[in-house]
Every structure is written in C-alpha cells, then in structure tokens.
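The structures considered in this document are given below.
You will see two complexes here that share subunit A, one where it goes with subunit B and one where it goes with subunit C.
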Partner chain A sequence: MFNYTFHWRPALNALPQMLEGAVVTLQIAVLSMIIGIAIGVVLAVMQGSRFRVFRGIASAWVEVARNTPALFQIYMAYFGLGQLGIHLDSFVALLAGITFNNAGYLAETFRGGLRAVPRTQVRAARSLGFGAFDAFRLIVMPQMFRAVFHPMTNQMVWAILMTSLGVIVGLNTDLTGVTQELNVRTFRTFEYFAIAAVLYYIIAKIVTLGARGIAWRLFKY
Partner chain B sequence: MIRKLALAGLAFAVMAAPLTTPAFADKLDDIIASGKLRCAVVLDFPPMGSRDENNEPIGYDVDVCNDLAGVLGVEAEIVETPFPDRIPALVSGRVDVGVASTSDTLERAKTVGFSIPYFAFTNVVLTREGTGIDSYESLKGHKVGSVAGVFEGIALEASVNEWNDPDGSFRSYQSQADVFLALAQGQIDATVVTSTVASATVKSGAYDGLKVGGDAPYLVDYVGLITLRNEYGLLNYLNLFVNQQIRTGRYEELYRKWIGEGELPNLTVPGVYY
Partner chain C sequence: MIEIEHVHKSFGSLKVLDDVSLTVNTGEVLSIIGGSGSGKSTLLMCINGLEPIQGGRILIDGTEVHAKGTDLNALRRNIGIVFQQWNAFPHLTVLENVTLALRKVLKKSRSEAEDIAVKQLKHVGLGDKLTTYPGKLSGGQQQRMAIARALAMSPRYMLFDEVTSALDPQLVGEVLDTMRLLAEEGMTMIVVTHEMQFAREVSDRVAFFNQGKMEEIGPPEQIFDAPHSDNTKKFLANVR
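Take a look at the complex of A and B:
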C-alpha cells in the first residue's frame, strides 16, 4: 500500500539548512506585515474619504487583493511586471505580492476597527485641543488597533503560510524553496515536507502566542 | 489509559499488517491485470514531451510509454507530471513508471529504482540576444536559472556557488516554461538545458531572441526509466525493454522522428559493466 521507507537521519542532517530557510520565511512575513499594515491604514482612511478618487483607488485595491488568489498576485508581480520590463527580484516579487494581499485584507479589518471607535472620541479630542491628525493618531488609532489586534494576528499567520508560494517565482532561499530543492535533489519528499510542515507549525504557533503576550501587555485596561 | 493502550495496539497492528502478509502480486502483475500502464511524463520538455495543437501529449517519452504499454499488452495512460513531482507521483501510487528523462544520480537511486539508460543528453547554454554570453565560462557574474533539481540545474548551481561572483545568482523555477519565460523577459540572462530542448525551443520561435551560447562542460546526462525501488520484477522488465528498443532499431527510429539527424547518443559507458 505504502511503498516507502522513511530515511530520517539524512533528512535531519539538512535541518540547519531548513532553519535558515525558516528565518527567510519569517523575514518576508514580518516585512510584508509591517508594510501591509502601513498601507492598510492608509487604504482604510481613503475608503472613508470624501473624495471619490481616493475611495475608488482604495476599493479597487481591496477588491483585487481579496478576490483573486495570492498565487496569481505573486505571479503577476514577477512575470506580469517582467513582461513590462520591470524586473523584480524573486524575494522582492514575493514580498510585493504578499504585501499587496495583506494590505487589501487589513484595510477591510481596519475599516471595521475604525467603525468600532465611537465618533464622540474624535469630538472629545478635538474639543481638548488636538489637531485632526493628532486626534486620529493618538486617540483613534490606538483604540482601533485594540479592536483589530486578533484579526491582525490571523493575517500574520496567513502571511507566513503565503510565503510558501515563493517557489513559483524562483525563490529558493525560503523554507519551501529550500525544502523543494532538497526534495528534487534527493527525492525524499515525505521526510523533507514533514519537517517543513512542523517548522511552519512552530513558527505560526510562536507568532500566535507572541501576539497574545503582546496584546496582554499593551491592551489591558 | 486503557483506551490509549488499545489505540496504540491498533495502530501497531495496522502498521505491521502489510509486513506480515506475503506479497503475491508485484507491480508488473498489477499492471498486466489492470490492463493499464500509467506513465509519468513531463509535458513542457520538448521534444521529449509536449502537447500538440489538439492538446494531446506527444513526444519521445510519450512514444516510449506507448511502446512499453504495447509490449505489455495494456493501454497507456500519460499522466502529466512536472519535474519536481515525479517521485511523489510514483511513491503515492499515482503512476506505475516514470518515462520522464530522469537522470540516474546515486542520490536519487536511494529512493527510486532506475532502469538502464534509455537516452542520454548533452547540455548547452541557452541565452538571449545581447547578453554577451558566448560560452559556459562567460556565465560568470550573470543571473542564471534552471528548473528546480534537474541534472543541469544542480550542476549550474554548483558552478555559480564555485564562481562566487557577487553579481551572479541562481534561481530555480518549477517548470521549464517558467524558465524560458524568465529568460525571455530578462529576469535571468541564461540557463543551461539539454541540447535537444535548446534546439526545439529556438526552432519553435515561441520566445523571441533566444539563442544557444556554447556547450556546457558537464558529464553526459544518462537518463533512465524509473519505478519503485523494490519492484525488481518490473525493473528487470524495463531493462530488457530498453535493450530491445535499441536492438530492434526502434531507438533510432524514435530519435530520427523527434530529435532529427546526427549521431545517436551512445547509451553505453566504455570500460565498465553496468
């Protein structure tokens, strides 16, 4: 039924290489989250804007990012832009693709978060002498992040898992890339994929637990 | 506790069961009994495997699979399989044999069983007009790439690492088509492919401005048919099949049909028994 004997010893010898890949995976995920959050906040504000152009741009971004596969977005960042003569490095293309996706999803999350902050908060802040920007930055944003922190953690985990799509644009340094290289070289598919799955699980778990810790410190009343 | 023990016992029994039941029918029997031979063939690797205008699989490897099915007296089923998925397809029982230009490396032979070589490739540099690449040595300091894990890709990556030029880099892609796309767009400046693929690709004109930029100084890349490592009955059959293909002149016939004129690649290594 299952014609395969596991060779764990040589597979475990490749663990240092795979851990290096895991670091790259984490780098991409973290960078894509930081940039994604920044763009996401801007998009969320733009969606509530009075100007139609801003609303249009923001909703176009959100629509495309949320309603097309991440794989397609990354492929377009690499081969799509390549067709136009813009050559992104595999790492950058993957980062751009995931960031695009993150920003789209986070914008919707943030929009919900902004709704959750009572309008009276802004008025109270303004009447205390805060400028419009300061009121947003110091009063609205912290309350919004409190409301959306857990959905954001979700997106972070999702970003980690999305980095595995880098192989389609030739990335061979992240965890999936390293795994795939080892796989095709030795044909020990199941060992390497099993180790990779465990590593992904551990990374995602650490991020979730870490986020819970941060939330506990930052957002307690 | 009792339940855990019972579960462990059950799991052990399930795992041990295949070890204790004697194997009556091997893969060769199964293929003959089922009346179907499922071959893993790479279909973006012309002229060995590709699709015609009706989307039907064609190519050297497709014909080899058909021949094999013919002598077994069964129907051939071509299962399109990208390079990196050949072994998972085999091990998971999705296909019976791989007719997929698989280089017979010792590393891979730890996992799958190889027949004697049924074909042999030499490798050339494929580049774009205007890159200034005209030999293997001139690849130094250029962005190069290949299909993940293929023979020539492994050799190319080793060279890039050895040159250790800060401007040079190596990328691996999941399919031959993506490599050509990346090359045509300028994501990479050159790749190394088998001479058969290079001439077929340049001739097809599907990608503008590609040209051959000299030979790659690699060992001859012998490729075998593959199946599960422990299927000796089938492996013996495959060896005899390859031998008969050459003996009967079918090897030459297929070579002329798919690759063309010129000397047939020699499938024997002088001075050694297989």
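Take a look at the complex of A and C:
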C-alpha cells in the first residue's frame, strides 16, 4: 500500500538533542504561564474596575486573545512588532505571543474565580484592618486560585502545545524546532515527529499529574 | 467612646438610617434590637467605616470615621466585628485565621502572633482545633473562632451582628456564654441581637430600631418591661 521503510535507530539516536529541545519547550511554557498568570490576575481585576478605561483595555486584550488564532498572535509579536521597529528574537517573540494568549484566557477564568469568592470575605478582611490590596492578596486570591486550578492546568498544557508554533518565527531550539531541523536534514519525517509527539504527550501528562499533586498538597481545606 | 451624631445613610433612594444619634461609653454593653431591615447591620458597618454615610458623623475616641484624612485601617484595628456568618477564611487553619492579621496588620512575629492566638482560642474553647480548617468546624465553633480572631487584635470595641442567628439552637448557648464572659471582663460592646433574654441580662442599655430610626433607648428594664413607644411594645409582643 505504501512504500516507506521505517528507520527508528537514527531517529532514536537524536533523542538527546530532542530532549534538549523539550527542555526549551518547557521553559517557554512555564515562563509564559508565570507571566500570563500575573497579567491575567491584573486583567481580571481591571475588568471589575470602576474605571471605564481599565475595563476597556482589559476587555480588548481578552477579546483579541481569545478570538484570533494563536499563530497570528505569535506572528504579530515577531513580524508585526518588527515592522514597528521592535525586534524580538524568536524565543522572546514566541514567549510574548503565548503569554498574550495565556493572559487573555486566564483573565476570563480568573474573573469567574473571583465571582466564586463571597464579598463577605473582603468585608471580614477589611474589618480586621487589612488594606484593600492585602485583603485581595491574602484572602481573595488564594481562594480564587483554588476555584480555577483545573482550567489553569488546561491552559498550561495548551501553552506547551502552542510552543510548537515557534517554527513559524524561526525558532529552532525548542522540541518542534529541533525536530524540524532533523527532518530537513534526513527526511525521516514520520519517525522524528512521532518521537516528538510522544515527548509532547509525556510532558503534558507530567504537568497534569504534577498539578494534581500540587493541588492536593495546597488545597487541603 | 463611640459617638453617633445625626447619622443619615441611604442605599440609592432607600433611606436606611434616619437621623440616628447615640453614644456608647467605655465599658458599656449596648444591645440593639429591631425588625428585619431596620438598619441595625448597616449601622455597625458605618461605625467601622465599611459603609459611607450621607449625613451626620461618627466619632471613635474623638476620631471622625468618615472624615477625609482618617486612616480607616488603623481605626478598624480598634474595632472588632463579628458578622452573622461567613466570617472564617476557609483556606486558612483556625490558628492561621487568627494569626494572619496579627502578623500582616500588626506586624507581630510568627511566634508572638501564635502565642496570642493560642491564648485567645483557648479562651473561647478552641484550643484543640488549631490545625483544623473552618470547613470542619460547627457553626458555633466558627463563630467562636471569629470572636477569638477579633479579640486577638486587642480591640477597644467589639461589635456583634446577630452572631447566633444562623446557628442551630443547641449551639447558641456556647457563643452567648463567650460574649457574656467578654461583657463581664468590661469590654465595650454593641450587640445586635434577636436573643431578648441575653440582651436583658448583659446589656447596660438596649436600643430599639424601627425603619431606620432609633425609636427608643434605655436600660433593659425600661425597654422590656415598660417600653415608652408603642412600636417597641408591638415588636416585643411579636418576638415573645
């Protein structure tokens, strides 16, 4: 039916190289989540703000991030900003694009999570003498994170998979980038990408299971 | 001393407090009774500045609560308040619930905060629940924890807003006992309550609120046995 002989040995020999790529992939995903969570919290708070400007900026971010392809967002961070004279290298552009996407999705998630924390908690905190910021940081935010932990884990997995879009801005150090270079050199497309797929799968699973472990330790109540 | 002078408070067009004036002296226990929606909870929230007012003023030891320059966070450290329910921070253990404000607001060290917290929690009978999460406590235990948490800040005043009304009848007693003890120790307290027997026993004075107005105030014997106002009479006839 098809005329293709599998050559797994050379592909497997490239495994160390691919694992190095996997580390870069994980780095980008983790960084994009950390920054994305920070921005997402700020956007979620801005969406509940009294001030229209804040609500406007936050909604615009969320709308664009959630309703345009992630690929365009990364493309814009690299080529779009490049045309405006802001030249990011491919690693940073990919990180920026995914972070933008993460922040948008997470803001929406956090907004729902904030609604799950009763107003009475803020009242109780303020009446103990906590300032507004401390009440948010120490009382509201921890409870919000519990409410949104699972959607946050999903976003992390999504961030890992999005890193594969780095090839379109010329990133050749992440898992997909490394795989693509090997592929171009050898044309063993199936083997290399199959191994890469397995690696993505394993990373995603580890993250999901790890998150479950963290949740178990963190949310005992 | 808490001085409430001609306070007006509305939510939009709804008038909730209408020219309320009263003074609570140091060491005094004032109970506030009155029908649902008469503005009792709102008054407590105005006293510690959680709610703005539209007229009059409230002074705590001479500091005007709603004046522009007033540091509300500092003021609130002197005023403990316990609400009807949902006081507990569910993500923190009983001990952490009490130590958090000691550490982050009063800037005490962890060990100092824990000493104070353990002492207060023992005082309200929760010495064996330090590492429990509030979700595992009964309603009465949660309320006692909230009282301990407020007391740990060494407030000069304690405000209670129907702290027993969400509890099963068999749990009411333990919370009232805690408050009774506090009254005996000389704490200045404003107690919004539906427990008439308790109000009669512990209060120096009782105030009756009706539709945003303070209808009558006086010693418990007056309010409960010989009320001057017909509305007070009607209210008491209904709750008995």
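Note that the second predicted complex is superposed on the first by the 221 of 221 C-alpha atoms of A that agree within 3 Å, B and C clash if a C-alpha of one lies under 4 Å from a C-alpha of the other, contacts with A are read in each partner's own complex, and residues count from 1 in each chain.
We adopt the following convention: a residue touches a chain if its C-beta (ideal position, glycine included) is under 8 Å from a C-beta of that chain, and two chains touch if they have at least 3 such contacts.
Every value quoted in this text rests on a predicted model; they were computed, and no experiment measured them.
**Student:** Looking at the combined model built on subunit A, do subunit B and subunit C fit side by side or clash?
**Tutor:** Subunit B and subunit C fit side by side in the superposed model.
**Student:** Determine how wide the angle is at the CA centre of subunit A between the CA centres of subunit C and subunit B, giving a multiple of 10 degrees.
**Tutor:** 170
**Student:** Per the contact definition in the header, classify A:138: touching subunit B only (first), subunit C only (second), both, or neither.
**Tutor:** After superposing on A, A:138 lies in contact with subunit C but is clear of subunit B.
**Student:** State whether A:59 touches subunit B only (first), subunit C only (second), both chains, or neither.
**Tutor:** Neither subunit B nor subunit C is touched by A:59.
**Student:** Is A:168 in contact with subunit B, with subunit C, with both, or with neither (first, second, both, neither)?
**Tutor:** Only subunit B; A:168 stays clear of subunit C.
**Student:** Looking at the overlay, does A:181 come into contact with subunit B only (first), subunit C only (second), both, or neither?
**Tutor:** So A:181 only meets subunit B here.
**Student:** In the superposed model, does subunit B or subunit C contact more residues of subunit A?
**Tutor:** B
**Student:** Which partner chains sit in contact with A:78 here, subunit B, subunit C, both or neither? Use first/second/both/neither.
**Tutor:** The answer is first: A:78 touches subunit B but not subunit C.
**Student:** Check whether A:208 is in contact with subunit B, with subunit C, with both or with neither, and answer first, second, both or neither.
**Tutor:** A:208: touches no partner chain.
**Student:** So in the superposed three-chain picture, is A:27 touching just subunit B, just subunit C, both, or none of them (first/second/both/neither)?
**Tutor:** In the superposed model, A:27 contacts neither subunit B nor subunit C.
**Student:** Quick one: smallest Cα-Cα gap between subunit B and subunit C in the superposed arrangement, Å?
**Tutor:** Distance of closest C-alpha approach: 48 Å.
**Student:** Which of the residues in subunit C come into contact with subunit A in the complex?
**Tutor:** Result: residues 45, 48, 50, 73-74, 76-77, 79, 81, 83, 85-91, 100-101, 104-106, 133-135, 146, 149-150, 153 of subunit C touch subunit A.
**Student:** Provide the residue numbers of subunit A that touch subunit C in the complex, in ascending order.
**Tutor:** 118, 120-121, 123-131, 134, 138-139, 142-143, 146, 219-221
**Student:** What does subunit B use to touch subunit A in their complex?
**Tutor:** Residues of subunit B touching subunit A: 18, 83-84, 87-88, 91, 93, 107-108, 110-112, 145, 148-150, 154, 170-174, 178, 181-182, 185-187, 228, 230.
**Student:** Using the touch definition from the top, list the residues of subunit A that touch subunit B in their complex.
**Tutor:** 1-4, 7, 78-79, 82-83, 85, 87, 90, 167-172, 177, 180-181, 183-190
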